[in-house]
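What follows is a set of structures for review.
Same chain, two partners: chain A is paired with chain B first, then with chain C.
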Partner chain A sequence: MSRLSIQKLRKSWGDPPAADDIDFTVESGEFVALLGPSGCGKSTTLRMIAGLEAPDSGHIYLNDKEITHLSPGKRDLAMVFQSYALFPHLSVRENILFGLQVRKVSKEEQKRRLNFVIELVDLGSHLHKKPGQLSGGQCQRVALARAVISEARLCLMDEPLSNLDAKLRAEMRSELRALQQRLGMTVLYVTHDQTEAMSMADRIILLNRGRIEQIGRPEELYNQPATTFAAQFIGAPPMNLIRIENRVLGVRPEHIQLVQPGMGLKSSHRAVVKGCDYLGADTLIQLQLDEHSLQLRITGHQKLQPGSSLEISWAEQDQHSFCRTSGQRVAADALQEQHIEYTKKETHYAA
Partner chain B sequence: MNRTQQLHAWLLLLPALVMLAAFTHTPAVQTLLHSFYDNPMGGKPSGFVGMENFELLLEDEIFWQVLWNNTWYGLVTVPASIALALTMAIWVNGRLEGRAIVRLAYFTPTVLPMIAVANIWLFFYTPEIGLLNNVLGWFGIDGINWLGDPDFALPSLMAMTIWKEAGFFMIFYLAALQGLDRSLYEAAAIENAGRWQVFQRITWPLLMPTTLFIFINALINAFKLVDHLFILTKGGPNNASNLLLYYIYENAFSFFDTAYAATLTTVMLIILALLAWLQFGVLDKGVHYR
Partner chain C sequence: MMVLAINTSAVNNQLSLAEKICAWILGFLWLMPLLFAFWAAFHPAEYTTHFDLLAPLTLEHFYSAWEQAPFARYMLNTLIITTIILGCQLVLCTLAGYVLARIPFRGQGLVMALVMMQLMVMPEVLIVENYRTLADLNMIDTWVGVGLPYMASAFGIFLLRQTFAIVPQALDDAARVEGCSRLQVLWKVYVPQAKPVYLAYALVSISYHWNNFLWPLVVTNTEASRPLTVGMAIFGAPESGVDWPMICAGTLIAVSPLLAAFLIFQKQFVQSFMRAGIK
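Up next, the complex of A and B:
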């Protein structure tokens, strides 16, 4: 099947570059997400791979064949656009078959593949409708069908679910993943939504300001964020970062526990409640720990008065440490030597 | 709607209705009626003559020639100016160095009044000192009396009309092209669609509403625009370049045969109404509107 390899890709329209030093591979049958905030260069990277933008430098290989300077149609890939890019004057059927007709695939082959994808995305009763008569979710399926029917080596997706409402998006997420697994498609998927990336992707490439912050499996990004950016971008609400001397200490809100007062745990800290957000299954509590603001997530509906104090603690393995200047993760063994730990400032609690 | 709102609505419509009725509808109806009467002569008022004017018209060889001229004029100038407009619009819609200047250049003929345009082209067509014949002279080709030769007079007018109209229509195409979704073209590019396939399967069908609009305007203009005839040929030589509206003008204001002019006008209105019905009633059904 297919293996995409990107080497030292760069594109700039000014300073800073839109994408710089982009280096990664997508293995055959893999679902890889390009994740990042808007303007991080993820779409630019995808469009360079598609051939819709010309890179300033770098190389793109698909199956060991260099495609960096080929026209989009000669790269043997399919693309699903954010706006779906369905042809408004053509019926669903003609939209799906457009690529095959243009490529002069035989009529029987067209029919065979059409029947297959129609059944796959469940569009049977809408074949003769125009895109304007379809719902957002149905348009999405047509766009998907158009990509699947090409049987291209690689399928690029540019935020395909971002125009759908929340409920439909969740449905399409699992449907899309199931489809990809069933067909063994190789997918490179651009999104700014970490939930999409975490739930669907085999691996995530996290981008920030045109550069790769971290590449890894979803649990790697969650458990071992490589930088403070990765730590804050993955997870909702974001990881608490506490700046101490030349280190940044990180703890996820869901990893902070409440401790019964008076238990006298060595590593517990007293914090002051600033406010509560009730979210249904759990409650988000804003805390003030000395001069640091923290968030804490606990299950159930908790009503805490602002100004009241709480004892909190967290396990040592849930604590992350980053260099304050570079933002890079500091390895655990290096940490042991220095033994960085959050320590109370006793003076605060003198009263 | 209640009564006050109804009254309000009619009051708001009133100024436009009065103007339309006074200067469009009443004259049109009077023209229609007038075509069934003869001309007042001496002290005698005009009398009802029934279909006599129309019978005269059917026997009028000049009428048939003028109608034929106008049909040719429309058949050539309308498709040619549309094709030219579309080509220019696609050309200046691309990533072109200095495209603002090219767009302006293409649009200039539209800004000029028809009378001014005709005077410019008179200089091109003039037999002895004209630009065209001078250029032909460099290649040792004998000049043509463009406006004086019955074979060339009408085609010469057509060429000028196409030049004048294409720039105007280009603006509509350009606006429509810029409204098209770029991602459609990107999707087509990923499918390896060639330039012609993209034009034929995407651009042309999506521009259809614009094309229909332009087509209607071009066809109406083919019957309506005769300003250049006053400057260039006055319908001559021997009616070779005469068009229907100019012939109506001649009858009404040169020959003072107002009854016959009214009859010709009635025929022209019928033709225009038929064309409008053809366009909106028949062609419109095949157009995809967003």
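Up next, the complex of A and C:
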């Protein structure tokens, strides 16, 4: 029963504003990721929701109750910080119980919740240690336990995994998601890592320069990026963008296929190899298609000599089209009328 | 603490022989007056300037000193004055330091500059003006009167501001999200982390005010508020002919609580100073 609704939120310290015209909702039990490059205003937005930063204008509602001007402690939400923000002078146990003690929750209730949470995050043997004696992963669990034990309506997380090493991060990712599902937590999760957002979130809010670029399920962001920014930010390596006249064509590296030379496919193009990066499961190939640079991903270990040429093509449904000036996606039916497609330079000369 | 121990031993190893000798000489020079006071206080008057290992020991100077002046009352005054000053300093400097470190307000830079300026003003310069103010407040010859000019200590404010400023902002944020008010954040997050600084500051403040002389001399008139230092001076006043052994005994009575406290807590004090970065 917790629903967060943000309306026209704005915060500015100068030009451009750190967050502007932020509008979204998080439904009860939903895991929503706030995604964007560093400096795009994710933390600012989160901190305004937490009450740690006062918005210039706009409204924040939690369960239809306006909380825009409440102090952080009165908003009934929990927060997990990138640096964990554990109190160094308190033991793990005292850290986890900190909020309950401040809020004067009864001793029995504290004990009951503590036992439950300890089990959940597997911290039993460390209760009396100080944070300084724990590893990064363990600190992360303590921070998580402190958020879970509050039983708050909404849990805000600001890049909680970015201080962990890659392997631990991947483990914690699935563990965190499982925990959220099991407890039915409502989570707003800030990250700059698109894989993290894609793999964990029910929905993603993509931010760029303080503004919302696109909101949608991960597959929507991948399959129908609303702007060229979304197209390049989601997916690794980023989508190839080819500028033609007043349009931008986009094709993902994993959607480009190699064609046997001489098959005479109408839609195939000849490109020149510039270099290869072997990544293990697949190989990334840099290509030159006329004056455009492209990337292409194919499975297995492919050794291609720089300078050799390749025949490539892609399916029509894998091709995206954007307006060159606004960067906005051009709808598919509009496309069909104009029949935009990549054509070789020779045809231009001939015309 | 481990790190600290290793550091100090590493420093010890780096000291050359010459530096060690210098340190011993300085230490000895510093200790001389105290050693003399001990010698004079515990031996009969004829041995005061005549060193003899076999001189008989005596406590007579302590008895006569204790009798000649109301030391118990002076000691109580000093204790109360020092406690009042330290207590008020801790409260005021904590609040001011927190605001200057973490709550932005208009004119913050100016306030900080004023605090820094006060650091550079010798308190003795203000004696006349302070006396006038206290007379207006009717506080001459009271405990609070002796303490008042020192309560808003610029050194304390500056020290705590610097200490609070390096506490991570995220800890402050986390505590507030968990339901703490500003004062609770200060008490539960900032103060515990500044413990070594508080200890070091308290030591400096106590030893300064325990030994402070000029201002208490000016502002106290009677036994009601006169601290040990002033009492000692009156007691050793030359009209009565200087009785050095008795003055030494009196001095030892005066400094003994401080000396004992320092010897007992020596280790903690040194560690706390090193951690607080005051040397």
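Criterion: the second predicted complex is superposed on the first by the 346 of 351 C-alpha atoms of A that agree within 3 Å, B and C clash if a C-alpha of one lies under 4 Å from a C-alpha of the other, contacts with A are read in each partner's own complex, and residues count from 1 in each chain.
What we mean here is this: contacts are C-beta pairs under 8 Å (C-beta built on N, C-alpha and C of every residue); 3 or more make two chains touch, one makes a residue touch a chain.
What you are looking at is a predicted structure, and each value in this text was computed from that prediction instead of being measured.
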Simultaneous placement of chain C and chain B on chain A, clash or fit: clash
Contacts of A:79 with chain B and chain C, given as first, second, both or neither: both
First, second, both or neither for A:217, with chain B first and chain C second: neither
First, second, both or neither for A:98, with chain B first and chain C second: both
Touched partner set for A:128, first chain B, second chain C, both or neither: neither
Which of chain B and chain C A:111 touches, first, second, both or neither: neither
Partner chain(s) touched by A:69 [first = chain B, second = chain C, both, neither]: neither
Residues of chain A that lie at the interface with chain B and also at the interface with chain C: 50-52, 71-74, 77-79, 81-83, 85, 87-89, 98-99, 102-103, 146, 150
Residues on chain A engaged by chain C in the complex (per definition of touch): 47, 50-52, 71-74, 77-79, 81-83, 85, 87-89, 98-99, 102-103, 146, 150
Complex contact set, residues of chain A against chain B: 50-52, 71-74, 77-79, 81-83, 85, 87-90, 98-99, 102-103, 130, 132, 146, 150
Residue ranges of chain B in contact with chain A within the complex: 181, 183-184, 186-194, 197, 201-202, 205-206, 208, 288, 290
Of all residues in chain C, those that touch chain A in their complex: 168, 170-171, 173-181, 184, 188-189, 192-193, 195
